[in-house]
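Both complexes below contain chain A, partnered by chain B and then by chain C.
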Partner chain A sequence: MSGRVLLRAFAAPGLTIVLLPIVLVSWLAFFSQEIPSFPPEGHSLRWFSAAFSERKFASGFLLSAEIAALSTAIGLAVSIPAAIALQRFRFRGRGTLGSILLFPLVIPGVVLGAALYIFEVQAEKTTDLPLIGSYAGLVIGHVLIVIPWCIKLLGVSLSGLDRGIEEAAMNLGAKPWTTFRRILLPGIRPGLVAASLFGFVVSFGNLEMTLFLVGPGQSTLPIAIMQYLEWKVDPTIAAVSVVQIVLIGAALLLTDRYVSLSRVV
Partner chain B sequence: MSRLVVSGLTKIYGNFAAAKDVSFEVGEGELVSLLGPSGCGKTTTLRMIAGFITPTRGSVTIGEDDVTRIAPWSRNTGMVFQNYALFPHMTVAQNVAFGLEMRRIGGAEVRERVQSALQMVRLDHLADRYPRNISGGQQQRVALARAVAIRPRVLLLDEPLSNLDAKLREQVRIEIRTLQQELKLTTIMVTHDQDEALTMSDRLILMEGGVVQQIGTPRELYNRPRSRFVADFVGQSSFIEGEVVAPGQFRSIQGALLSCPERDASGATLNTGKATLAIRPEAIRLGPAAETAPPGHAGKVEFVSYLGSRIDVHVRLATGEAVISTLRDLAEPLSVGDPCHVSWADASVTAFTA
Partner chain C sequence: MTRTTFDRENGSVLSAATLAAPATLLVAAGLVVPLAILLRYSLNQFIPGQFMTEALTLENYVRFVADPYFRGILGQTIGIAALVTAICIVIGFPLAYVLARAGGRFKSLLILAIVLPLFVGNAVRAAGWMIAFGTNGVVNYVGLGLGILNQPLEIMYTPTAVIIGIVAVNLPFVILSFQTVLEGISRSVEEAAFNLGAGPLATTRRIILPLAMPGIISGATLSFILTMNAYATPVLLGGPSFVMMGPLVYSQVMTQMNWPFGAAASFILMLATLVLTTIGHLIVQRRYSSGRN
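What follows is the complex of A and B.
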């Protein structure tokens, strides 16, 4: 009992420190004056309309969404068989494979981005393929950061699945592919939904790695925000952030409904 | 329905034999139980028949077909799993329909057969429920309906009753047996519960350490166990260890002189040397201490367990041997410490050399 009280006593200030900037930024988005100052002169929604009419933000949003969708789809296609293999089979190099797939999680985004960039430079030199700053290169990078989350979320789902039901299906006449499609996939549906949402969020919000991979003219939403900030500091950015926070928050809440995130993170 | 023949079935993991040279037959419409203590290879054997484990040696024949190398999905066996393994994302009706869909049976016939399979287990009113919304006993019956609906050539039951509570178990036992007999299903049931095996089966296969110890009807196994293991595992027995000193004469370790059969359980002549006698509890008679006929032994009650329909009395003979007697009722109340007269018919004694 007292342990619980203690936990709360420590958690409360921690949570406050984490949430306070979010609350302040969200509040800032509704200030009516251009130069952020305190207390606000009044409240308005003008920065939201400014944000939505700014072409860079709209196109950045679309590009981010597109890349997030594409890399999540590819990431899932890779992660489903990988997660099954890691979960089900004992083979040589299983531990190593698992670590490699989860590795992007522990490497700082800047390091990952720089490494990929150097790789692209070297690869382009030897193969003459246009890799640097290419769309494909960008997607590949994002697939890399999506995979660990997919593997983790699918792993949780798979470990909760009774292997007996696949045998039952085969006993009833289902071949392996049918068993996969009709029994296994529906069985890990919560994991699939969670992995899709989470993968999307991770890719959508990525800035550090993306900075190294984008080509001229390609700016994702986080990059568009950063570029805007270099020239102007007004509550438009806060409004954009609020929109992003709401979207990501919704996705995370939805994910948590399918696979409890505390079991993964 | 078809006959099942298992011959020389062996499964070796590394240098450990989970099943060794297992051979038996199950006739059309017969229910045979695989019985034995934990780890004796029952599940391994059943799963080799279903096709989930590839045998190291030996063959499985269903009807005229050698299915040893056939994939599980082509074997046409209906299996009921220990934990039922119902598909959680499908309704009861969809679960039962699954096997029929795999057989490319048309919609109208599927509906009809699902309906009749569910009626058979009296669950047609729950057709649209999901497995998590029905009780354990109902799940068990859905699993049975699902396995039976495909009209399997052999029905395989892996500890079908082990997840049910005692009361329900009795009832489901009767239900499964009745259904099996009505549909004349060739059936193998795995169990480690001897009561279950004795009450439900036409014949029993008793296994130990991956090896078949004895095959026979419940009556044969109970009355003519071929080894001490069988006498011990099927029903209760009092064992008296000692040696045969002359044909028909036995001296226990504690020194009591008893008469014994001239042949051992396998029918071979009992030579002098180490042996064990086994006596079933219902063959042991208890009488007042003053009694002298029939000739017997003086004993003392050590423990009385009251089981409702019967009473098990543990008695220590004056010479030191422990025996158990099962009584229907106590003519006069016996309590711990009471002296008594213990007797049994010579014919009820079985001798084992091992």
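What follows is the complex of A and C.
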């Protein structure tokens, strides 16, 4: 049918614009020459070893992974009870509470970063605690951006869970903690997996806010990539990107097995 | 918040307030308080060499609005946001429609193709465009090779590069917003229109677009906000002379160390975004509801 072909033709530019940068970065990682000029003189795998031996990327990767894991764990720990409160209890101010917890999502990254940085400087002045550029400051900032995603995803999962089972468990004499551990937690497993992976990816990829919070000489992977790109684009940075693309792709495929991706984003 | 009424009988001492307290306190202490301080500082004075002096003045806001340089940055950011959003709607809609009507493996693949770039980071995607737009980049190679271009284009460090870069960043969000509502529009509605003699164009304009309007509004709003706040893409593709609001806030706070002005710029950015998206909603709502009568 020609209408179908025509429709796909109209859809093609969108897909091209979305995928072209990823495809080009991935291609550049395999160029044999260093300068990103077309056509490539040949292909090579050597940039991957160059990428892995560049200390800044390796340490940035580790720091990003560490911060992401820690802030996702903390974010989940505080979001699970909060999501239960929002979904299973009726109380005054429930709507307000919900919007407060989603608030970090609507604040621009640079504004969030600026506010946290200035707050840290002032708090350090008053308390003498080393806060500026501290690890704790980084983690707190990242917990803030993880919380809204956890609340959203756990909320979807909780609202889909039949309340009757919880009530039955309680009626049969299960204490709230037992009900939570044996009924609720297994019931929202897909939501937990999605929230962990999403929280991790959101924290891992954050650039704007983190720029304000890292200490001197410290950098996360996105910051290391950004700083490198402000200087030049070459196959080494492309190889770093490819590693990241592959890891994130794997995480997304994994998430998709638990919660359909189109329902999450 | 402290007064809780359980909707089921439950002897537990756990109240909603206790459950929600840790997360709420974190967000309040970590976000609301710093934002309040930022707002307070935007009213302080900055005296070069002296850092910041306590004051209660609007001069930072006045300076921003009065200075054509800063006004230009805000205007440029708004202009780019509007243009990017328009392009995203036009390019994103057909793809979202294909996605909404697709099924099976093709659909999963398409979703992954759209969602993966979303998570790869703006800097990495900007790198892709740097490769495309360079003097010896793909665009010039293909253009010159096919004889479309007589001489290489200089796209890097132009507004065009920034616009294309941000469109690519926003498209996945826009497409997913569209797709959600398009999936909710039953096929039989389209078939009814066809059977009554409407062509594809008329069906799209008279049936699908009005029904999809909520999704179009939310997608467009998201795209507008994302562009207003853009950081990595304008820095990497626009170069040092092309400044948007995000990079301006960063340089004022971290490089110039002018906190009061950086704080004022932050709130001008958020206020402009809020006002413009609200106006946009009102206009669309009015036109949409009057079109139905």
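In the analysis below, the second predicted complex is superposed on the first by the 248 of 265 C-alpha atoms of A that agree within 3 Å, B and C clash if a C-alpha of one lies under 4 Å from a C-alpha of the other, contacts with A are read in each partner's own complex, and residues count from 1 in each chain.
Just so it is clear, contacts are C-beta pairs under 8 Å (C-beta built on N, C-alpha and C of every residue); 3 or more make two chains touch, one makes a residue touch a chain.
These numbers come from a predicted model, not from an experiment.
J.: One more residue to check, A:5. First (chain B), second (chain C), both or neither?
T.: neither
J.: See if chain A has more residues touched by chain B or by chain C, and give me that chain.
T.: When the residues of chain A touched by each partner are counted, C comes out ahead.
J.: For A:187, using the defined touch cut-off, is the partner it touches chain B, chain C, both, or neither? Pick first, second, both or neither.
T.: After superposition on chain A, A:187 lies in contact with chain B alone.
J.: With the two structures laid over each other on chain A, which partner does A:91 touch: chain B (first), chain C (second), both, or neither?
T.: Only chain C is touched by A:91; chain B is not.
J.: If we overlay the two complexes on their shared chain A, which of chain B and chain C does A:13 touch? Say first, second, both or neither.
T.: second
J.: Taking the superposition as given, does A:174 touch the first partner, chain B, the second, chain C, both, or neither?
T.: A:174 contacts chain B only, not chain C.
J.: State which residues of chain A lie in both footprints, the one left by chain B and the one left by chain C.
T.: Common to the two interfaces on chain A: residues 167, 170, 175.
J.: Under the stated contact criterion, what part of chain A meets chain B in this complex?
T.: Going by the criterion above, the answer is residues 162, 164-165, 167-175, 178, 182-183, 186-187, 189.
J.: Show which residues of chain B lie in contact with chain A when the two form their complex.
T.: Those in contact with chain A are residues 50, 52, 71-79, 81, 83, 85-89, 98-99, 102-103, 146-147, 150.
J.: What part of chain A is in contact with chain C in the complex they form?
T.: 3, 7-8, 10-11, 13-15, 17-25, 27-28, 35-39, 77-79, 81-82, 84-86, 89-94, 96-97, 100-101, 103-104, 106-119, 122, 140-141, 143-144, 147, 151, 167, 170, 175-176, 201, 205, 207-208, 211-212, 222, 225-226, 229-230, 233, 237-238, 241, 244-245, 248-249, 251-253, 256, 261-262, 265
J.: Given the complex with chain A, which residues does chain C contribute to the contact?
T.: So the residues of chain C in touch with chain A come to 1, 3-8, 10, 12, 14-20, 22-24, 26-28, 30-35, 37-38, 41, 91-92, 94-95, 97-98, 108, 110-132, 134, 136-138, 140-141, 164, 167-168, 171-173, 175-176, 179-180, 200, 225, 228-229, 231-232, 235-236, 246, 249-250, 253-254, 259, 262-263, 266, 269-270, 273.
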